[in-house]
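Once you scroll down, you'll see the structures, which are given as structure tokens.
Shared chain: chain A. Partners: chain B in the first complex, chain C in the second.
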Partner chain A sequence: MKKTILDHALDWAGRILLTAILCFVLLPFIVVLIASFNESAILTFPPKGWSFRWYANAFEYRDFGEGLVNSLMIAAIGATIALIAGSGFAYVLNRYDFALKSLLNGVLMSPLIIPNFTIGLGLLILSAAASLPRSVWLVVAVHVIIVLPFVVRSVYVSLQNFERRYEQAAESLGAGPVHVLLTITLPLLLPGLVSGGLFAAILSFNEFTASLFVVNQRTQTLPVAMYNYVREYADPTLAAVSVIYVAVVAVMLLLVHKFFRLEKVLNVE
Partner chain B sequence: MSKRPFLGWFASPSILIAFAIAASFLAIVQYSLRAHVPGSLNPGGLTLDNFTTLWKAVYGQAFLNTVLLCFWTALFTLLIGYPLAFAMVRAKSARLRSAILLISLTPLFLGEIVRTYSWMIVLGNRGFVNAVLMQMGLIDRPIDFMFTMTGVVIALVHFTLPIVVVMLAAALSHIDRNLERAATSLGAGRVRVFATVTLPLSIPGIVAATSTAFAWTFSAFATPQMIGGGKVQTISTLVYQVGFASFNFPLAASLSLVGLLFTIAVLAIFNTGIRRLEKIGAH
Partner chain C sequence: MSSEIPRNTPQDSRQHPAVQIDGVAKSFSGTVALEPVWLKIRRGEFLTLLGPSGCGKTTLLNLIAGFLEADEGELFINRDLVTQVPPHQREIGIVFQNYALFPHMNVAQNVAYGLRTRRVSKAETAERVREALALVKLEDFADRRPRQLSGGQQQRVALARALVIRPRVLLLDEPFSALDRNLRTAMQVELKEIQSRLGLTTVFVTHDQSEALSMSDRIAVMSRGRIRQIGTPTEIYDQPQSRFVSTFVGDANLFSATLREKTTADAILEVGSTRLTLSTYQVDMPAPGPVTLFVRPEQCVLTDSGKPDAIPATVALSVYQGSYAELHLDCPSAEGGRVMLRVPASQALPAGASVGIALPQRGPAIYAREDDIA
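Right, the complex of A and B next:
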């Protein structure tokens, strides 16, 4: 069928609209990149001079370094716990029926609906009521609760696409359940598990609101340290931190994409 | 041999976590019914005072602000997200599809602080937008985005966009293209095919995306806190303020509880809507 003038006009309008929207999405990150190399402390556009001083400043400010260490540690521990608990749960959710299954599922998925500030407040109050200290484990617990639904979902999707025949073949050849699990199921699920774990780590690394409720000076995460900085200082140091932050997350994201295409994780194929 | 190997082993860690979630919810309920003892972090006796306090104008205003933010954010996110999802699902090259997906997901993976701080630089009085507009001579004095509803909505649209795009794309990719081809073969133009076939078929996806946009905006904290700067008070910022500025955790708990019940009620309404729509679709 031949394209009419209207068709061409629509095509072009679509392209312009798409470009404009993508620019809107990327604009803040481009601006922050420019601002991070801005020489003067007062942000002006376009910058009058260029410098690396805000990066140097960012590396010298101790809270960022400590926050980064805390964040990486909490993300690693939290994602590992969430991965173990979440993939176990996805497995039983996919394969078995048992008492109170939907209730358990509902409770575990509820953090998708419960606002993060409520989750943070709830665990803060709970730990106070139980006279537990506001240690790093409290922060880890908050992160596990928040990222668990995403791990369950990622692993569950892999299990749905799982070819049960390989397991059945192994079973018929006399392999016991543990043997089947270790030599067939786990290796085949590996991409889903890796991407689920990385996904959880990224989300945990980014979590701010619930963390703000449960951290103290010693356990503050990088986002909390950044928030505290912006309340006290107005210079572009935070722009430099943001650029580094974006780079770290981008690497993690590309890793997920490499192991397991994002389209699959997000079910948009 | 057990017919359900590993059931106990695999389910127990998540059961423990479920207990922690349930316990923290109960902790909020319990605190919301206790009196605030000024100067002490421990709550007093049982009371309903916290809920009667919530009738004050400050809290009503915060509720109103939150609902307005949710409404405007959902509306604009849909208007921007739909074309993006459509372009992504219908893009002919896989590379373009991946590029659109990755770009639209960036805000999701960059965390509230980086995103909100970036918008502060873009929208501030000496920020990018105002600097560009002033240099072009379009405005004489900066437009106020910071500490206004408009500024908060712009940043929240950016925040909600990824999830809305993903949900709309999922809905759009499940539409049977043969229905569109049938309409085209019967002589309908592209605009008409879109308006009479594609758009109606994606309505369940639109409703689902709207409800998620609502829930996300409702729970947003960093954006209203940093861009609103105390001038745009929402439930989330108020809960934090009541908790950490006045140390009135019982009141913070009751405010969160009312907010949570409100969210659940709104989401339930949306869900009923989605189910009705799916029923219509089935017939």
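Right, the complex of A and C next:
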């Protein structure tokens, strides 16, 4: 069938609309990206000259470097703990029936409705009352609480979709419960576990509100370091840090994609 | 198994059942899935559990496999009490409906899985995997992934994987239902050949009566959590003991009748105004009164209407089927008002023709009117 001029017009209108929406979604990042190369010390838009000096400044500013290391460490440890604990809870919720099941489910999901600052404040008061040091472990604990519901949900959904016949086939072939778990259940759940853990790591890496309550100068995360910086200075260094920030998250995603070959693992019939 | 038989004598080990089910029952949160069942499966026997969905056949299979725990009763495999034994220690092979091949392993790894759990040496594992794949004619597919195989090939892998461990019993859970028609028949023949060559005790679960009739040594017909009848395919088809079995296996014509008199062998009954004397094979015949008379279509004979021992009917429809024609008859004494007969295509009659249905003296059965439908 031959296309009329109207068809072509509608075709192009559709494309333009889609592009516009995509641009709108990406707009904040694009503005920050351009601002980060601004030569001037004031955050003006559009920039009048171009420079890399804010990137240099970002790397030289010690709080950012330490904040990045803290954030990566906290995200890695927090996500690992949340993944192990969350998978365990998800397994129990999926496989067993018991009296307080809905209560357990409710408690596990509660961080979703409790604001992050409440969680931060609560742990701050608790640690002060118990005179615990404000160590990196306190920050990790806050992050684990915040990301746990997401890990539990993600692994639970994987378990719901898991074909129990695989485990039964393995059992019939002589595999005991631990052997089944290690050779069948875990390998087949790997995509769900990896995406759950990755999700947790990114949420933890982005977490700001609760962290603000429980960090100190030594344990501050990158978002907190950025916040502290912007309270004192108003130059484009923060834009440069933002770009680096996005790059780190993108690299995390790429690494997982490369090492776990997600699309291959995911292609399970 | 009676306890006076001494254990472990050679002739005894040939005679004792491969599987013995003693009053095994199962409920799920108050709903009975399986009433207490007693069943002995002989060595090398191909036993089919046949019934509609929800009849308890899959529950019974899962109990034999150990995936479910019996509420009561005991289960023996080769005289070993296994009621409390977990599935991985029962030495049972299973082929599931969707095969459940491990998607993260290739064909050889799938087949080797049961040998690796048994810590069989590498050399022996390789040899036995090769043998098993040769048995199902898949030697050249060892390195393929399950998803690269057709349905029939996947099923062969599943069979090889179950057989390589030399199971004491092979369980088949509707293994053909995912295959298309032609492949299904071919796989049935192949499976039956392998099964009888290896002398494997096999429990086969299906809802397909023609599969059950063609493959089994014995069939246990189940409904509502009970075994309704157990016997050879011929016994089940020719001598159904209940209305349920008669209609679930094969085609059945059913008439509303009145049982007037019964002696040890003979029964005198009336179908409408036709008076018949029959001798039946039945174990239990109902008391005189309203009954249902059952007869297979191929046992009915067309005669002239008006003969005293023929049931009057009118041809409603003739369906040409190539080698034969199906005559659907309107018959006031039939349950549902219809009777079906198969006649040579040349003898098909036009709609509206008045005919008589003559029944053989042996073959029909009489069931109580209130006998269950399901």
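Note that in this section the second predicted complex is superposed on the first by the 230 of 269 C-alpha atoms of A that agree within 3 Å, B and C clash if a C-alpha of one lies under 4 Å from a C-alpha of the other, contacts with A are read in each partner's own complex, and residues count from 1 in each chain.
Basically, contacts are C-beta pairs under 8 Å (C-beta built on N, C-alpha and C of every residue); 3 or more make two chains touch, one makes a residue touch a chain.
What you see is a predicted model, and the numbers here were worked out from it, not measured in a lab.
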**Message:** By residue count, which of the two partners contacts chain A more extensively, chain B or chain C?
**Reply:** B
**Asked** Just chain B (first), just chain C (second), both, or neither: which does A:Val92 touch?
**Response** first
**Request:** Could you look at A:His179 and tell me whether it touches chain B, chain C, both or neither (first, second, both, neither)?
**Result:** second
**Request:** May I ask you to decide whether A:Val230 touches chain B, chain C, both, or neither, giving the answer as first, second, both or neither?
**Result:** first
**Message:** Let me test your reading of the model: by the given contact rule, A:Phe213 touches which partner, first (chain B), second (chain C), both or neither?
**Reply:** first
**Asked** Does the superposition put A:Leu189 against chain B (first), chain C (second), both, or neither?
**Response** neither
**Request:** Figure out whether A:Gly14 sits in contact with chain B (first) or chain C (second), or with both, or with neither.
**Result:** first
**Message:** Per the contact definition in the header, classify A:Ala169: touching chain B only (first), chain C only (second), both, or neither.
**Reply:** second
**Prompt:** Do chain B and chain C land on any of the same chain A residues, and which?
**Reply:** 176, 267-269
**Contact set on chain A toward chain B in their complex** = 6-7, 10, 14, 17-18, 21-22, 24-29, 31-32, 35, 42-45, 81, 84-86, 88-89, 91-92, 95-96, 98, 104, 107-108, 110-119, 121-126, 128-129, 141, 144-145, 148, 176-178, 181, 202, 205-209, 212-213, 223, 226-227, 230, 238-239, 242, 245-246, 249, 253, 257, 262-263, 266-269
**Touch list for chain A against partner chain C, complex** = 163, 165-166, 168-176, 179-180, 183-184, 187-188, 267-269
**Item:** List of chain C residues in touch with chain A within their complex
**Value:** 65-67, 86-94, 96, 98, 100-104, 113-114, 117-118, 146-147, 161-162, 165, 171
**chain B residues within the chain A interface of the complex** = 1-2, 4-7, 9-18, 20-25, 27-28, 30-31, 41, 80, 83-84, 87-89, 97-98, 100-107, 109-115, 117-122, 124, 126-128, 131-132, 158, 161, 166, 169-170, 173, 189-191, 215, 218-219, 221-222, 226, 236, 239-240, 243, 249, 252-253, 256, 259-260, 263-264, 267
